[in-house]
Amino acid sequence: MLGRILTSLLPTITARAHCDLPCGVYHPMQARIEAESVKAIIAKYQSSDDEVFRQRAVLIKEQRAELVKHHLWVLWTDYFKPEHVAQYPQIHDLIWQATKLAGASGAKGGMDPDVAQQLLDKIEEISEIFWETSPTEAMWH
Amino acid sequence: MLGRILTSLLPTITARAHCDLPCGVYHPMQARIEAESVKAIIAKYQSSDDEVFRQRAVLIKEQRAELVKHHLWVLWTDYFKPEHVAQYPQIHDLIWQATKLAGASGAKGGMDPDVAQQLLDKIEEISEIFWETSPTEAMWH
Amino acid sequence: MLGRILTSLLPTITARAHCDLPCGVYHPMQARIEAESVKAIIAKYQSSDDEVFRQRAVLIKEQRAELVKHHLWVLWTDYFKPEHVAQYPQIHDLIWQATKLAGASGAKGGMDPDVAQQLLDKIEEISEIFWETSPTEAMWH
Amino acid sequence: MLGRILTSLLPTITARAHCDLPCGVYHPMQARIEAESVKAIIAKYQSSDDEVFRQRAVLIKEQRAELVKHHLWVLWTDYFKPEHVAQYPQIHDLIWQATKLAGASGAKGGMDPDVAQQLLDKIEEISEIFWETSPTEAMWH
Amino acid sequence: MLGRILTSLLPTITARAHCDLPCGVYHPMQARIEAESVKAIIAKYQSSDDEVFRQRAVLIKEQRAELVKHHLWVLWTDYFKPEHVAQYPQIHDLIWQATKLAGASGAKGGMDPDVAQQLLDKIEEISEIFWETSPTEAMWH
Amino acid sequence: MLGRILTSLLPTITARAHCDLPCGVYHPMQARIEAESVKAIIAKYQSSDDEVFRQRAVLIKEQRAELVKHHLWVLWTDYFKPEHVAQYPQIHDLIWQATKLAGASGAKGGMDPDVAQQLLDKIEEISEIFWETSPTEAMWH
């Protein structure tokens, strides 16, 4: 199916550092997957009336949202270079807003599905710039 | 470019649980990204003669390889269901081999690029079964 | 008393790797202790009507159950060898069931003491095979 | 064999809190297993001339030794009560010495097998007092 | 203002190891900041009637209180030397009481602001002895 | 001595959130202490010829430098508000530079004491703005 075909073509996708060696491997998917989790957890919380399940949802959402913040921070510090910021001066404010959206004043602080979606949208904006700044010739093999 | 187009189409990709709520969001990319890191770290280690850099490479590779093991274990326990194993009985052995390949007897234990590639190939095999077992109708938006 | 005598004789117990050097030291007790914690936490939760205590119980049980999963996964990947699986083909499914029992569909997902006991029983089954496969001559000193 | 018989009788062993709920489950084995690892890692380091293996040994020993410190600290703060210290006033100094032996001035700081053994011996002393202070009637089932 | 002036003069403050190399850098502020967090979290919990906020407060307080325990344990094992204990024999019991106050029987176990304050007071007592035992000539630059 | 007097006056220092409840407690000292550690580790590495000690220094410096990045990121996202950035537009770039200085291209990447000092200087600049933006009336008690 479409998903599999897309995934199999992913070797052609450029990626950059995330482990600060620098290892030279990075992908906005790391932040996105965790943000999708946050959104899914919120949906499940809203449709459950099981007290223990709902408490676990609060706890697990806190962890995934923290991971969103971490992946975005690493992207900001380790991936983006001065030449990128020169070309896309909105990088700082965009990532700043996204990490705030993943935190206490955003996705961590409540169970609002719209906030989770806003976080995903912000990550998509960051992702767009990421791809604009990634050289097409650098590939995974 | 191709990478960006593929990424933008990713909303159509199905995913399953990885945070054990279950949150219902999972993607083999999590294991793959870390395995790509391992491969990249090994390449950089081999082409460097800086003692501190090489020691950092050993340390960071250990961390990324451990994350590969973790993502695969979570996939094994939290994603795969009995009906999947019934259809693909090789699931247990395949993931078992992959996690061993990420560990002391594989990618952790040395700096051989071929071992890192074998690990990526095993993850691709697991990924194939993952997509075969994911229902097409469950989408991210 | 019996417990102390048993513990003092433990130097005669074989053990295998758990830190993936491989360090050559492993013991099913690591998984068992955490599973006993899960069971104890559930018992305390059921007999308390203190809201904060019960919320802490949910949170701490989540952590201990995750540790059960981790210790079992490490046992599966790092300890068990192909010759063990050849002799005890049920190893994969047994550990798979145990890790699921420690997760969202088992001990993490609720506060049922029977589920916690089932988890302990499964760990005991795994432990039996562990001891069957450990050479008697390898000792701690 | 002896090891298995001993392990199967372990359900009769008393244990106390380690997860600070308090969950009421604790066992000196947690500290001991990690200290055995440290000892084994040192032995393997001394008999290897593989540069990467030796660097991994340094890194992994650091982690296991830190876990020894943690398990002993938890035992000190969460398990031992004023009535225990009244009866065994050496508790504070004994655990203090043990945690130092697991740290930079001890097992972390070098690759001396004698230091690793001293650490195990100190843990055994602590274990003795632990069992002296554990009520025989509290059992795991 | 006063706070800033004080902070800018901090380069003249002596500090000792906390990362067990030993790195030679340590400061009671690490424990204190986390204890201030615990106190603040309790205050916010008491004045909120938002169910999710209160559950997050329980979870986050658990983490900060655990960090208080950790920083104090490290101070006990890595900073304090036998000559300090000889001069201030109350060190063991003082830190023991403080770590218990940060745990299940203290700040972790409930939402009592007085307990949080007692914890801060105990940390201040430990801090006093820390400064008494720190040589004035060792400075940060 | 001066250090103690300063520390005892610290209750008058304002602080802000770092645990994302928000708990309302934060202090630039968290980042600074870890950066002092990095500097101290580098000094010790340079004056040692013990192979194991030097490898431990590389590993421990990696951990402390990562903590510097974390504390600065949290300050950036959780503490600084739009009104602060309006008044001090250099906040984004300053913290960006500081986190890069703590990473692979800075303090993590080598053993240069000047780089460690540059990191401390950058943290001091951030600290200055932090104090300029903290209301004097909010105190710890």
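To keep things simple, chains are lettered A, B, C, D, E and F as they appear, and every chain counts its residues starting from 1.
Going forward, a residue touches a chain if its C-beta (ideal position, glycine included) is under 8 Å from a C-beta of that chain, and two chains touch if they have at least 3 such contacts.
Computed from a predicted structure; not experimentally measured.
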| item | value |
| --- | --- |
| Partner chains shared by chain A and chain F (touch criterion as defined above) | B, E |
| Pair joined by the larger number of C-beta contacts - B-D, D-E | D-E |
| Centroid spacing, where centroids are CA-atom means, of chain A and chain E in whole angstrom | 34 |
| Gap in Å, rounded to a whole number, between the CA centres of chain F and chain C | 40 |
| Approximate Å spacing (C-alpha centroids) for the pair chain A, chain B | 18 |
| Multi-chain contact residues (two or more partners), chain C | 20-21, 53, 55-56, 59-60, 108 |
| Listing of all chain pairs that touch each other, if any do | A-B, A-C, A-E, A-F, B-C, B-D, B-F, C-D, C-E, D-E, D-F, E-F |
| Residues of chain D defined as touching chain B within the complex | 52-53, 55-56, 59-60 |
| Complex contacts: residues of chain A adjacent to chain B | 1-4, 6-7, 9-10, 12-15, 18-21, 23-25, 27-30, 33, 36-37, 40-41, 44, 53, 56-57, 60, 63-64, 127-128, 131-132, 134, 136, 140-141 |
| Chain E residues within the chain D interface of the complex | 17, 20-22, 66, 69, 73, 76-78, 92-93, 96, 99-100, 103-105, 108 |
| Complex contacts: residues of chain B adjacent to chain D | 55, 58-59, 62, 108-111 |
